[in-house]
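You will see chain A twice below: alongside chain B first, and alongside chain C after that.
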Partner chain A sequence: MNIESILEGWLLNVVFIFLISFIGIFLGLLYKGFDRKISAMMQSRIGPPIIQPFRDVRKLLTKETIVPENAIEWIFNGAPIIALIAPLVALMYLPIGPFSPLLEGYGDLILVLYLLAIPAIAMAVGGFSSSSPYATVGAQREVVLMMSYELPLAISAITVAWKMNEIVGPETNPFSLQVISSNPIWGHVGLIGGLGIALIVFTLFAVLPGELSKEPFGQAKAKTEIADGVFVEYTGRNLGLFYIANTVQMIVLASLIITLFFPYQLSNLLERWIILQGPILPIVEMGVWALLVDVVFYLFKLLLIIYFGVSLVRVAFARFQIDKASYFYWVPISIIGLLGLLFVVVGATV
Partner chain B sequence: MKLSKTFDKSLWVFHVNSGSCNACDIEIVSTVTPRYDVERFGIELVGTPRHADVLLFTGPVIKKTKERVLRIYEQTPDPKVVMVIGNCAGTTGVYYDSYAIEGPIDTLLPDDAHLIYVTGCPVRPENIINGVKEAWLYLEKLRGDQV
Partner chain C sequence: MINQLVLVREWHPLVLILIGLIVGLVVYVIYRLGNPSFKETRYKREPFLSGNVSPGESKALHIGGSNLYWGFTRALKKYFKPLVGAHTGIVNDYIYWFIITIAIVMVVLYFV
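So, the complex of A and B:
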């Protein structure tokens, strides 16, 4: 390989990294707008326009950025950057619609799960470093919550990987997201296993608001109790970065659920349908249109998952106390997850 | 620092009770209810002055809250607008000449603070929304100054 082609590939990757980051941030803010509009409509309000999150971020970037006197400055300023980078990197490992991940083969589900834990840690570290007692309380709550939802999250990942191992055999890495997304799990599990997978999906949906610190698991940044908790001292640019990080995290989680459980593409179905209609419709080459259909379908799936996983739950439930939230993850949700695992195992043996 | 045009459409509001009788606070809360829904203008109630663009002060500043009011004003990042909600916040109103108060807010805040008066006892939610409009006018002026 000569130096030119290496340089070219390298350049292309850099371009793609920027492109995917940009798309991730754009989609995140867009879906945050949808989320706010939908929840406003559910409360019979008119709600902000869809582009409101863009305006908020733009405003936050122009505001004064204050670092408290007693804060540890480099940690205080570094935490939001790390919180933003982690979900962006996770996005590089996830298939987006019909496109396979950029960093395919360099990491798998386990890595993505670790990357998903980083924003919560960054929030907690930023909160501790900001020297405000409110932020300290918020950071402690964040850590408690994180330790609670990691178990159900790990159970779901392990269930999927265990089943994948059975489907694809021992040679392939069952944790690889490409493998998981090209073998939709529902077709291989039968009735009892399907019930188990449904329970696992429920577990993941229960983890979703906790990961995003949305109600009913918004204890770490509870506005009315502890004055926005971990974010109490954050202003201007730093707050804006956290804001973006949260929205990108939402996209990453929703994409992860899509990849694990709903990796279906519409274009295959459509193509088959067109072939079935063969004599009537002229056979068209799908090509670019197939990609477009898949992208639109992916965006639609994102919307559905964010609606059921975030907006609906956020409007329907009030905030738990932190001990109740922790209990909720450790006992009922973990039991549901383990039951799901059990059903999948039983379904595979009978 | 140059303000973007969209700054107006994303005002985050922090609400401080500087000694009011609580009626104005309730009227403020009613502006975020479905009937008035200020979120359609991008206005949001936030939990800390650090996130705020607009400070809502209700009530005359009493001896106990004077320090807090000044501190909260200083904690808010620039650019910021202060809305003085209610007659008693603007002029001490029904608390006129009370031994417990330190005077209306405008005598305490620094001179460069931009104040918007919303009158009424208690204020009507419509009037608060009108005050937001005046905040927009002020921000427009601020933009004009700095372009």
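So, the complex of A and C:
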């Protein structure tokens, strides 16, 4: 392979990286709009228009960036950048609808989980560096929350990987997202195993609001209590980047859940239907239509996951105290996750 | 097919760093999209504290190890309380623990 072809490939990849990043940000802000609208409707409010998050970001980008006295400036300004880079990089490792991930095979589930932990760390570091007492309290809570939801998250990942190892054999990496998405787990577990996987899905859904710092796990930025906590000193572009990071993280987490548990595509059904229709529909255009249907289906799955995992939960529950939140993840949710693992193992041996 | 791909494309930290740098460029572009009319957009002011006087650089802002995990330790206090109680700071107690642990290990080893 000569240098020109490598360079050509790289240029194309760089274009794709830009494209996926902007698609991720666009989808994140769009779904944030849906989330806000749906939440408002559930509370009998009219709510903001769907495009409100885009306006919020545009406005934040035009505002002044203020750094408080005694803050460690380079950490304070660097944290939002790191917080946005991590979920965008994670997006490159995940399949987006019918499209394979750009970095297919270069990283796996473990890498994505670690990348997902970085925004929380960046938030905490930014809060600690801001020299504000409110932000310090918020950052401390963020650290505690992160320590708490990592255990159920790890249990979920291990359960899926354990089952994948059994399905594909020891020679293939069971943590590979490509392997997981091409072998939908539900088809390989029996009734007991299916119950176990359902518990694991529940565990991941419980982790979702914690990862995103949404209610009932919004202790780190409790507005009514510690004046937006970690973000109290953030303004302008820095706050804008944190805002975008949170929305992209939502898309990454929802895509991860889709990849792990619901990697189904509608195009297969569509193909069968078209064949049944015979000569009525032209077969040639099926490829494009199949792709379009799969993209729409993926967007619909995203909406469902965000609705059940974020919107519904944050409207239905009030904020926990930080020790209650920590207990929630360490005891009941971890036990549910371990039960799920147990059921999957028992289901495989019976 | 899956096996082939996995063999060809392995976990690669260099790829991660390169992609991180390129995505960093994307983030920088977004950062620069902001209003260019503010030439010097940063100025210093006291952190917001609901009108109270900021503690400045004093130790009031310092969160020590015992406070950093508050919430976590409180949530699992049933687990931590006996552990903290066991740490009396008296050497005799630690020696007792040592002897008891050795005895248990030896009993277990004897039966195994």
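In this text, the second predicted complex is superposed on the first by the 340 of 350 C-alpha atoms of A that agree within 3 Å, B and C clash if a C-alpha of one lies under 4 Å from a C-alpha of the other, contacts with A are read in each partner's own complex, and residues count from 1 in each chain.
Please note the rule applied: a contact is a pair of C-beta atoms (placed from the backbone, for glycine too) under 8 Å apart; a residue touches a chain by one contact, two chains touch by 3 or more.
Note that the structure is predicted; figures quoted are calculated from it, not measured.
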item: A:182 touches, of chain B and chain C: first, second, both or neither?; value: second
item: Partner chain in contact with A:266 - chain B first, chain C second, else both or neither; value: neither
item: More chain A residues in contact [chain B versus chain C]; value: C
item: First, second, both or neither for A:50, with chain B first and chain C second; value: neither
item: Contacts of A:65 with chain B and chain C, given as first, second, both or neither; value: both
item: Chain B versus chain C as contact partner of A:144, first or second or both or neither; value: second
item: Contacts of A:223 with chain B and chain C, given as first, second, both or neither; value: first
item: Partner chain(s) touched by A:111 [first = chain B, second = chain C, both, neither]; value: second
item: Contacts of A:136 with chain B and chain C, given as first, second, both or neither; value: second
item: Which of chain B and chain C A:239 touches, first, second, both or neither; value: first
item: Overlap of chain C and chain B interfaces on chain A (superposed complexes); value: 62-66, 134, 227, 232-233, 236
item: Residue numbers on chain A that touch chain C, as the complex places them; value: 14, 17-18, 21-22, 25, 61-71, 81, 84-85, 88-89, 92, 103-108, 111, 128, 130-136, 140-141, 143-144, 147-148, 168, 171-173, 176, 178-179, 182, 227, 232-233, 236-237, 240-241, 244, 321-327, 330-331
item: Chain A-touching residues of chain B, taken from the complex the two chains share; value: 1-4, 6-7, 9-10, 34, 37, 39-42, 45-48, 50-51, 53, 75, 77-79
item: Residue ranges of chain A touching chain B (in the complex, touch as defined); value: 36, 40, 43-49, 52, 54-56, 58-59, 62-66, 134, 222-224, 226-228, 231-236, 239
item: Complex contact set, residues of chain C against chain A; value: 2-3, 5-6, 8-12, 15-16, 19-20, 22-24, 26-28, 30-31, 33-35, 38, 41-50, 54-57, 60-61, 63, 67-72, 74-76
